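Two complexes, one shared chain (subunit A), two partners (subunit B, subunit C).
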Partner chain A sequence: MTMNSFKYIPGESHYVPEQAGVDAAVAKFKTALLHRLKRSAYVYRIDCGGCNGCEIEIFASITAIFDAERFGIKVVPSPRHADILLFTGAVTRSMRMPALRAFHGAPDPKICVSYGACGCGGGIFHDMYSVWGGSDKIVPIDLYIPGCPPTPQATIYGLAVALGLLEQKLKGKNHVEEEGEGAELIHPQTPLDVRVRIERQARLLAGYKQGREISDRFVNLLETHKLTSLKRHVQEWLEEENDPRLKEIVGQLEKTLHATLKGGSRSA
Partner chain B sequence: MTQSAETTQNKPNNGDLGAQYVADVRQRFPAAVIDEERQTRDQLTITVKLEYLPEVVEYLYYKKGGWLPVLFGNDERTIHGNYAIYYALSMEEGEKCWIVVRALVDPARPEFPSVTVKVPAAVWGEREIRDMFGLTPAGIPDARRLVLPDDWPEDLYPLRKDSMDYRQRPAPTTNSETYSFVNDLGDSHNRIIPIGPMHVTSDEPGHFRLFVDGENIVDADYRMFYVHRGMEKTAEVRMGYHEITFLAERVCGICGYAHSIAYANTIENALDIKVPPRAQWIRTLLLESERLHSHLLNLGLVCHFSGFDSGFQQFFRVREKSMTIAEMLTGSRKTYGLNLIGGIRRDILETARKNTIALLNEMEAEVITLIDMLVNTTNFEQRTKGVGILDRKVARDYSPVGPMVRGSGFKRDVRLDHPYAAYASVPVTAFSFDSGDIAARVMVRVKEFFDSTAQCRYILDNMPTGPVLTEDFAYKPYKYALGHTEAPRGEDVHWSMTGNNQKVFRWRCRAATYANWPVLRYALQGNTVSDAALIIGSLDPCYSCTDRVTLVDVKKRKVTTVPYKDFERYGIERKRSPLAK
Partner chain C sequence: MLKLLKIVKDAGEVTIKYPFAPANFTPAFRGKPEYNPAQCIACSACAVACPANALTVETDLEKGTLTWQFFVGRCIYCGRCEEVCPTRAIVLSQNFELAVFNKEDLYERATFKLCHCLECGRPFAPQKQIDYALALTAQAGAGADEMETLKIQFAICPECKRRNHLNDHLSTLCDLQTSGEK
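Presenting the complex of A and B:
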């Protein structure tokens, strides 16, 4: 069994592992496996230092609701039975050798999948002293399933791609900025400081998502109607939604609006 | 199995707590205390002379009803020229508060008297201080490396501020595992069953060695920290205060939210930030929803290990409802990315509130049926009653947490002992059982599941109004405090010290299972090999344990490898032992 060697990076007292190689014959078989695997695919999971988030989502993928076994995807207890190796985690120093043993234990040809944000390049831990920074640092990876953690849907999709059941959809678009093109301003008719104060207040009350939604709706009403009829339109909106919390938030926004308008007249 | 329950009462207490403990320490050890400093109403730090450290910790632990959830080092040479070590004691008999015992260690003489000799609960913490700071606990009975990998060079201590660039990756010193496993109770005639570090059904890697005589487990030892990712170092070198709430979620993919809150609480306590009540209630709701999915997960796995696989699938099916709740309330199946220092990032509006209540009701109804099926399965009773007993005395010595300690007759629960978030206003019940076996731990989780659903409904019906975030505070350097949450597996205790560069100076994170591992050995001793998977699973750390089992017959010098499947099958069927071959 060959284990990886290490490359020294001068000047940084820093080492990087060299990836376990795949010889040409195996690579050829692997392409065939990717495209012509007509039977069930066996998956072996190798945790190289994940936080369990990925592991639990893999669990969710193979149990009753998502049931990856519908597609013949089965998690097996030994790497010797596996067609697909699923590497999670940023590859900690302690897991390098066990992971390599599992890699060499699985028969060729095999498909290696890097699973989760940490698997795909080390994630948040990418440059830390105690990890090697992703599964492709130690073994050749054929497919990446990103996400923190990937959802069961993403997991099944990724494995289906690995099996050639689906072609991976990659969409690329190269946008070239035209003459005079710029980012659109939101609510251009509302004075900036009014909009900012309202939105800031809404975010403190309802968080970044609902806060933005509520403040956008409120400022829209402000722009489409006169200040005098704003109260009536706000009332209609609140009655339609029938949500006591929304009522409280919008009530606060109205106060903020009026306070800002008063303050604005003073500074003008 | 006798059961008892304790419910929260709103105890109005505006005074500062813990002064009496310090007075007692001063009286008992007149020359010991150098300094005392209060962080919050219920957190006090006393600095003692190094030579008195073991006695003071022992006194507070055994004589004053303290427990030792966390201890850690801190490289404070840039502040006052010394290292500091902290032993955080949770005082739970009498006045409930935190007393942190601190001692300074001179860099010229990097060692301190080990507390482990007097209080066994300190063992892992002291080994970790040695690994990460190079401070030697003099006299510690177990001086093996704990956290750092076997291939890490000696004399390179990651958490010393000046020892290394955080990105430095030294060449591995070895390609093989060098950890020596301990078999105290048996002898060299015992067969050794190594389990792990990779295993099929589960999450994190760990390596167990069972020393067996025939079918009986004589002793057990384990090597953890295969997933040491350098989290605490990551936080202090490249994160801002807010980012660590997201990093803390990655401590554990199951109870990450509890870590996030525990960390946020450390900073909020240190800087005395008043988090708006609505944010506290939503935090509490999410903490409880995390408990729902975590407990269902463990109940499912208990089914799996006791050979009741349809139960396993059913629990996982129902568990998806709690994942739907999480996704609806936070935008992610993992309640990730929601916390900030000073509040949270999302509110709960009416539609989400109603849908959550509907899902809670559906889930509860289904779980009632499933639990009924589970406890009435004869196999379940046979496999869990009287198995994997954690003795009450061992529990007292090692400070385990969560269902583990509550199953052994202690009603420890930081939600009640040191209320945080909105727990002082939400009815919480702590359940405990005396039998100390797997059945007790399972029943604690069952009771807590239903208690959590009740809490979630109470919160959704009574949520206060107002903002969900405050930005009304400023960071001050070198302030520190503890933060804690009762995660599904037990209390997570964190400690942070703010720095002077918009980063934490030190963040210490102690996950629940860290406190439970040291007692596992005692729960395994005297049981049979076929129960090992179930006992380890009842800790709720990792579910199954092996990818393969190597049997080493010491007498014949013969090694047989049995596939994991056989081991697991034997665990379920308990027939045709792989050891009999």
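Presenting the complex of A and C:
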């Protein structure tokens, strides 16, 4: 195993990174390590050119609030003490060698974890000229913890999965279109332009998420009640929520509704 | 010492119970985008909006399919896919337990059939998208006769449509010319 494991390729793509290999004997030890580690896991984090969001979350997860030390997970200052290596960041070209040095510095057997969106697949930087796009390009990875950044809860969950304390939940999915499969319309009872204008106005005022929730509630009221009693039901809803912002937005929605029903083409 | 112990007692236990009790997030917390393939019309709006290219689509013209792919490892949970999805097939959930041993488990794929043009026979758009467009037109108040014509019109690819229009236009021009000569 050479440390400077570059493979030279003539032509436009000058270099491809070559993954540092693992001996068969070490791989055997690794399974034993995973069984024995259970409550004493020393973690060393290697920042391969991330934004420091991941580091902040790693340190958040060893604070009193999340307390990863309940499971014996401890962050150590040297790779020589480590059982688990956390690779964060998209692996910039200049951080490749230091990362490999830390990898080789840690005693075998060790568990390598790809941490965060950049570590798992390059994240938002995956196609930049200056990155290798993921830590699995340079070292053999045993566990992936996605997230941007992973919350402390996700960190604890991920490390617990690595140590065999919790089960992996996410599975790959593959859907193939079935015969007669079709998308359902949103609010099929309401006329299309009424629904679209109300939703558009609500999203304009409250953002896509809250706007959709508000417009859904409003259109549901419109579908279940008569137009004459709508005012009363809307009033009940507003009193229940008691939010001046919601009151203003729903007032605007009512204006939009009446403008649309009158046949005006403007969206109020 | 007693003072310190009193402070500790007053502070109480701050550590959250997470792995032994469900994690509590605010309602606005953005976790894994949950995808409902039945509701998806393969319009690719999410793939265009995705800043990290976690969402990608690939068309296979030979097989006549469109494959939608989501790689959660690259997702930055910005919610722009949810924002642009016209059918609400993608909604960000509160799911954060995403750690996996195998990279293949981070991928989610869905394959949709493409509609073949009625005239030239080439695949040009996902069938579900065309069906949804028709359903929307019907909801907007198109009559039964109109729908019959639209059904045919929607199943013709843009190039053939353009050629047909051009031919119509040319024949009208020819008619005008011949009538002018008379």
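Just so we're on the same page, the second predicted complex is superposed on the first by the 240 of 268 C-alpha atoms of A that agree within 3 Å, B and C clash if a C-alpha of one lies under 4 Å from a C-alpha of the other, contacts with A are read in each partner's own complex, and residues count from 1 in each chain.
The rule we apply is simple: a residue touches a chain if its C-beta (ideal position, glycine included) is under 8 Å from a C-beta of that chain, and two chains touch if they have at least 3 such contacts.
Please read these numbers as outputs of a predicted model, since none were measured by experiment.
Who does A:208 touch here: subunit B (first), subunit C (second), both, or neither?
Both partners, subunit B and subunit C.
Identify the partner contact of A:120: answer first if only subunit B is touched, second if only subunit C is, both if each is, neither if none is.
So A:120 only meets subunit C here.
Pick one for A:145: touches subunit B only (first), subunit C only (second), both, or neither.
Only subunit C is touched by A:145; subunit B is not.
Look at A:231 in the shared chain and tell me whether it touches subunit B only, subunit C only, both, or neither; answer first, second, both or neither.
A:231 sits against neither subunit B nor subunit C.
Look at A:75 in the shared chain and tell me whether it touches subunit B only, subunit C only, both, or neither; answer first, second, both or neither.
first
Report for A:65: first if it touches subunit B alone, second if subunit C alone, otherwise both or neither.
In the superposition, A:65 touches subunit B and subunit C alike.
Give one of first, second, both or neither to describe whether A:162 is in contact with subunit B, with subunit C, with both, or with none.
second
Once chain A of both complexes is superposed, is A:54 in touch with subunit B (first), subunit C (second), both, or neither?
Only subunit B is touched by A:54; subunit C is not.
From the superposed pair, tell me which subunit A residues show up as contacts to subunit B and also as contacts to subunit C.
Residues 64-65, 123-124, 127, 148, 151, 208-209 of subunit A touch both subunit B and subunit C.
Within their complex, state which residues of subunit B touch subunit A.
Residue positions touching the partner: 148-152, 158, 164-172, 175-177, 197-198, 200-205, 225-231, 233-234, 247, 250-254, 256, 297, 312-314, 316-317, 319-320, 323, 331, 333-334, 336, 344-351, 353, 465-471, 547-548, 563-565, 568.
Touching residues of subunit A toward subunit C in the complex: what are they?
So the residues of subunit A in touch with subunit C come to 64-67, 70, 114, 117, 120-124, 126-127, 134, 136, 141-148, 150-151, 153-154, 156-158, 160-162, 165-166, 168-177, 181-186, 188, 191-193, 208-209.
Quick one: which bits of subunit A touch subunit B in the complex? Just the residue numbers, please.
3, 6, 8, 12-16, 45-47, 49-57, 59-60, 63-65, 75-79, 89-90, 92-98, 102, 123-125, 127-132, 148-149, 151, 203-211, 241-246, 248-249
With touch defined as at the start, can you tell me which subunit C residues reach subunit A in the complex?
So the residues of subunit C in touch with subunit A come to 14-16, 18-19, 23, 25, 28, 32, 37-41, 51-54, 71-77, 79, 82-83, 87-89, 96-113, 128, 131-132, 135-136, 139-141.
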